[in-house]
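What follows is a pair of complexes built around chain A, which joins chain B in one and chain C in the other.
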Partner chain A sequence: MLNLPLSNIRIADFGWMIAGPLATRVFANFGAQVIRIESTSRIDEIRVVGAKPDGIDSPNVAGVFNDINTSKLSMTLDLNTELGLSLAKHLIEISDVVTNNFRGDRMSKWGLDYGQLKKIKPDIIALSMPMMGSDGPHQHYGGNGINIIAGAGISGITGYPHRAPVGTGSLYPDFSGNPNHAAIALLAAIRYRNRTGKGQFIDLAQYESTISLLGTSVLEYTANNKIPDRPGNKSPNMAPHSVYPCKGTDRWCAIAVSNEQEWSNFTKAIGKPEWASQSKYSTMEQRKKHEEELDKKISSWTSSRDAYKIMDLLQNHGVPAGVVQDTKDLLTRDPSYTKTHVVDMAHPEVDSMKIHGETISISDVESKFDRAPLLGEHNDFVLGEILGIDESKIDDLYVSGVLR
Partner chain B sequence: MESLNPPNQDTLLPYTILDLSEGGHNLCGRLLGDMGAKVIRIEPPGGSQTRLRGPFTPDSNGNDKSLYWAAYNSNKKGISLSLDTEAGRQILLSLVEQSDAILESFQPGYMDSLNIGFGTLIKLNPKLVHTSITPFGSTGPYAGFVSTDLVTSSMGGMPFVSGDPDRPPVRISFPQAELVAGSQAFAATVSALRHSRNSKNGQHVDVTEQISVIWTLMNATPFPKLHGTDVKRAGAFRKKGSIDARHVFKCADGHVSMMSQAKTLNGFIVWMLEETEVDEEILSFDIDNWDIKIDSDPDGKDATEFTRLEAAIENFLSKKTKTEIFERALSAGLLVAPCNTVEDIRQSPQLEARSFWIDVYHPEFGRDITHLGSYLKMSETPLKVYFPSPAVGSDNEEIFKSLGISKSKIDTLKKQGVV
Partner chain C sequence: MSSKCPDTTQDQVLCGVKIIDLTSPAGFYCSKLLADLGADVIRIEDSSTAEIENYGPFYESKKHIDNSLYRWHFHTNKRSVELNLSSKNGEEIFLDLLGVADVLITTEPESKIAHLKIGKSEIRAKHPKLIHTSIRAFSSQSIYSKYKATDIVALAMSGLMAITGFPEDPPNQMGGEQAYHMTSMHAATGTLIALLNRDFTGLGKDVEVSMQECTSLATLQTANLNYYTWQNVSRERTGLNHPFSVPRSDESSSNYPRTLYQCKDGWVSYSAHLAPPGAWERFLKWLEDHDSQQDLMDSKYLDPETRQSNQTHIDEVMANHCLKLPAQELYHSAQRYRLLCVPVQDIGDLFIDEQLNERSFFTRVKHEDRSNSFTYPGAPYKLSETPWRIQNSAPKIGQHTEEVLEEWLHNHAGDVFTTDA
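Right after this comes the complex of A and B.
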């Protein structure tokens, strides 16, 4: 048995889609027993949508699902039956943490809101991650990552002026702040409970949590009454600062010159030392003023060259530059990523899966890293080993239809 | 004005943390401070470079009142210390002996070159957690790269999938790479502190911006392996199965973003029927099954119908305001949200009702600053802004006194430019 830092923690995970399950992933990978409580009648959509292998009709093979549920257990339970609900409560009684990311009052409809959970297990730690929070006039409003990108203001500052606010191509809040912040709160609450014996309720509004990533863009308004626009890739205090077209189709290199030394190095690197002595480029202010013209000149230099060669050349001259990598680049040619952070995972229904490794590496422990569970894969284990129910009674449960 | 009573150190996160990181990496220490850790922000006597980051307050003289500094360094004590001097490094080492963790974002190798790298520190304090936050990690071929948000985000793959297809890739304009790495660093540091307490073994924690960015596009990374294709930026559209579904719609006073799923599409038909005529044919569409069918049959009848309904909704929404659409979304449970500006966000009645905004007086700036409140509402251990960001060296006396350094010694060190 590996000595894992988060072992001896059991989480009853009612999370679905992305942000909820991703919050408990780190716990599962570092030794906690995370039990997904699922349903076959209302399958967690993330099991069936998004990238998945062609021609396999299964709730077990979707890429994102497998990525965000590593090392967890799955049990199926019909919570709309009395028996199903009582099994869930039985499980909660011996858990440390209960998590969900449903909207509004879903948990209280099952009698599983914090007030009720506390009666089942007085020192329980309950995490809710509804989009708008558990109180306030908009508490019943639901949505997913796409809606949060818009509502929390990310799309408002992303893209080009006079164009639609298209936001990010990934479901950014689902994968960044929201699950991270939830995991942080759980870690702290567990620490607190261990010291004081008290559990608590953590209410994480995904909307608020995502706004926090806009940081001082919001303060710019609260303090200075300015509404930031969509500036494309421009920076208020760096020039040149953009992505520049390179040789090939849809290839780009990001270049960001942040001070005068880098500017001088940049002009030498690309063989245009004369730019450094031109007064219209002599200071950051001047370069900002002539940015459009400068960007055109740089583009004509970059467009016939290989993006990776530009990166290496500029980095060798101490100039911040990096290829705008696509996902294939990340998986095939980025040494800092592929070596340690992509794992080939055996899977019973497909040849193998490429899964993101654990971002956190702790030097003297290994994280355990098992594939995501098949739907209901651990029903027998959870009922028999964890809840201690006799085999014959488990058979009865199957027959009763409550395990679906 | 919030109460300035610091939280009980013995409860939530009873640690002492040295924070030498810069920029958005300061979020890590800020979160630790929010949760009750004693965070000591160490900056050079001339002031941290993070203080040069805008935006600034309207009464700022040049760049002396950075809101960026205030946002990510509240709930920290502040001391000044020159690591370029032997005396300064000795003080750092004494602090390390009495601390649980150190956070830093220097270029890899920099601390080693000053003889204060992980190898030295862990000998002094075997339980120490040393968290490095860097663009590409402490080792590997890119470790020596210089970088900015645009560069690290690009290498992390985020801009490639973001923006209009007929324009260059685009980043989120408020720098994200440092911040996502900062929050990953928090989770890593707390995990490592837990391990250190159990095992008595400290360790080096290596957090990289690039990997943190890659995580934020998890819905894109399975594509090459599974389909042999890359997710490309699609502007106002998003893949639904293999068709492009519009998710950003223009409305009368801005834009909204919609999730094209059956319940929401049906909800729009109901709304349109209440106010206008709807094509008989559209009413006959079998919308309930689109979510699954369009996935498997991109060129079929369903996809054509889908496009037709989408056009009708586009036309309908163009005459509605953001508020009208949001109200409808609330009452009918539709997955549609306004593309809010920061002004819209500031005026949200939901955030008001949940007391999201907090005014904190910053003595250094001589004014109140409206902070974003905590997005974690913890019933037993509420998080607050307990005290404002420090001025350069504002807590020197208190901290150095705790190390047994006398007032006269501090004065001497000051003259030598050490503190």
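Right after this comes the complex of A and C.
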């Protein structure tokens, strides 16, 4: 048995799609017993969309699902039956945390809103993370990461000013502020509960949580009365700062020079030490002023060279630089990434599956990292071992059709 | 480990937790998250801080560290202690502070503690209760462990940048330095796990996260590693198209490929994918309400396969529909039909948003030194018992030196704080 820091925590996880389940992933990886409450009559869509192996029709093999549900248990339960609901409540009674990311009043329709949960388990910690939060005129509005990134203002500051607000190419909020802020709030609430015996309700509006990632944009507006534009790849604090074309098709290397020492090192590295003494490049302000011309010169130096060689050369001179890597690069050209981050996960229904490893490492603690559960894989375990129901009664439950 | 809280944070969840913040920008949001939940976060700064960390934009465009909106935003609730770590006295005081701190947060590979005589393992041996959170550019196990990264470099190396932007443009850096934010959030999570662990074991831990790995997590859907493993596909930039739709091989790309549509006065994002059941029928009603349906009422479109093979046409109908109407009208009318439509908003739009105003999202922060208040982004989460709060604006460099040394070391500042410190 591994001595994992969260092994005394049990979470009844009603999360679905991405943001909810991703919030509890880190808990499961560090030992918490996270039980997904699912249904076979309305299968969590993330079990069936996105990356899937060819020719396998199963709710257990989708890449994204397997990535965001590592180390969890799965139980199927028909919550629209009285018996199913009472089993869920039974589970809540012995859980520390209940999570969901449904919109609107889904949980209260089941009688599982915070007020009700508190009656079942007085010190329960409940996390609810609908897009718009738990009150307000738009509380029932729905959307996913693509919509939230647009509404919250990140798309508006991404890309080039003369181009459309392209957004992020990823359902970014589903992977960033929303699950991460949720995990932080939950951990904080658990510590408070441990110290005071009091549970609490966490109301996380995914819209607001994403606005919290805008950095200085809000202050630029409120203090300087300026609406920030799309900056392309420019930085107000660094020059040169962009991605530069390299040898090959669609190959780019990011370079970011953040101070005078790095500038001097950069000019030496690329064999243009004379740039360092030119007054038009002598300070960050000057380089910003002549940024376009400078970027052109740098591009003409980079465009005939290999992106990885440029990165190595610049980094060896102490200049931050990195290749714009795609999945193939990450899996075939970055040995560190595959060694430190990518996990080859054994799976009963697929020959090979690659999963993102746990991002947090803690000294003397191995994170658990079991494969994501098959749909309903742990019904017997949850009913028998966790809820203590007799084997014969479990058989009755199967017959009654409530376990689906 | 004293856990005495000042009155101002007594109702907050991390009240009494002492944190030493030695981070560069990749870690600023980490310590802000903890400070806004009530932790006592002190930044160790020196005369070079004003030069190195003088990040724009600046208040009224006047370049000065005290006007740095970057500092304003990220250092809320933190205190500043001026200490020169390369001086003997400064290092001694720092080590004394370490002795009473609960958490030390540093950013690697350029951490200031690298210059101390005392090494990481000595710190661990001497302060077994201390939690040391190290935020790295690349994993310490990586061949790139000594490489440096800013936000754009981490986005590039993580795989996220390769899928951001138009295919005909260079890859784009996401706005708002998201690699820094992602990494900081993972670091705060790891710190809190270590803190919970210490509550039981009495022992601190070394926590490590890397920008490359944390940022990479945001690619796990669009550019899932298994697209390459199973189909030999590396996802590319898709511009306005839904990342699922190019290249397409699965049912999730049905109906219409685009995610952004131009409307009368801007743009809306629309997610036809993963919409709840019955979305097609509700979509038609929505179009009908605005007389935009064209021929889509034809029963042949009830068949998902027909819709799939007529994607381009449906997309055109939708595009024309959106062009007729302002973003806000599209937003509210679509949401009434439970369709996933949200306008592309700029910062100004957020301040006239009914929902944000009703929930009092934005928060006023008093700047004592200016006898003025400014509006900041509010709570990323609302905890019913232990409020998130911005109590104090960012400190001036060295503003709290005496106060912190007095509180943390129970010393009169004059006794320990000499001119070379």
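Here is the rule we use: the second predicted complex is superposed on the first by the 402 of 404 C-alpha atoms of A that agree within 3 Å, B and C clash if a C-alpha of one lies under 4 Å from a C-alpha of the other, contacts with A are read in each partner's own complex, and residues count from 1 in each chain.
To be clear about the criterion, a contact is a pair of C-beta atoms (placed from the backbone, for glycine too) under 8 Å apart; a residue touches a chain by one contact, two chains touch by 3 or more.
Computed from a predicted model, the values in this text were never measured in an experiment.
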item	value
Superposed partners chain B and chain C on chain A - clash or fit	clash
Partner chain in contact with A:A164 - chain B first, chain C second, else both or neither	both
Chain B versus chain C as contact partner of A:M17, first or second or both or neither	second
First (chain B), second (chain C), both or neither touched by A:A150	both
Partner chain in contact with A:N259 - chain B first, chain C second, else both or neither	second
First (chain B), second (chain C), both or neither touched by A:D78	neither
Contacts of A:A189 with chain B and chain C, given as first, second, both or neither	both
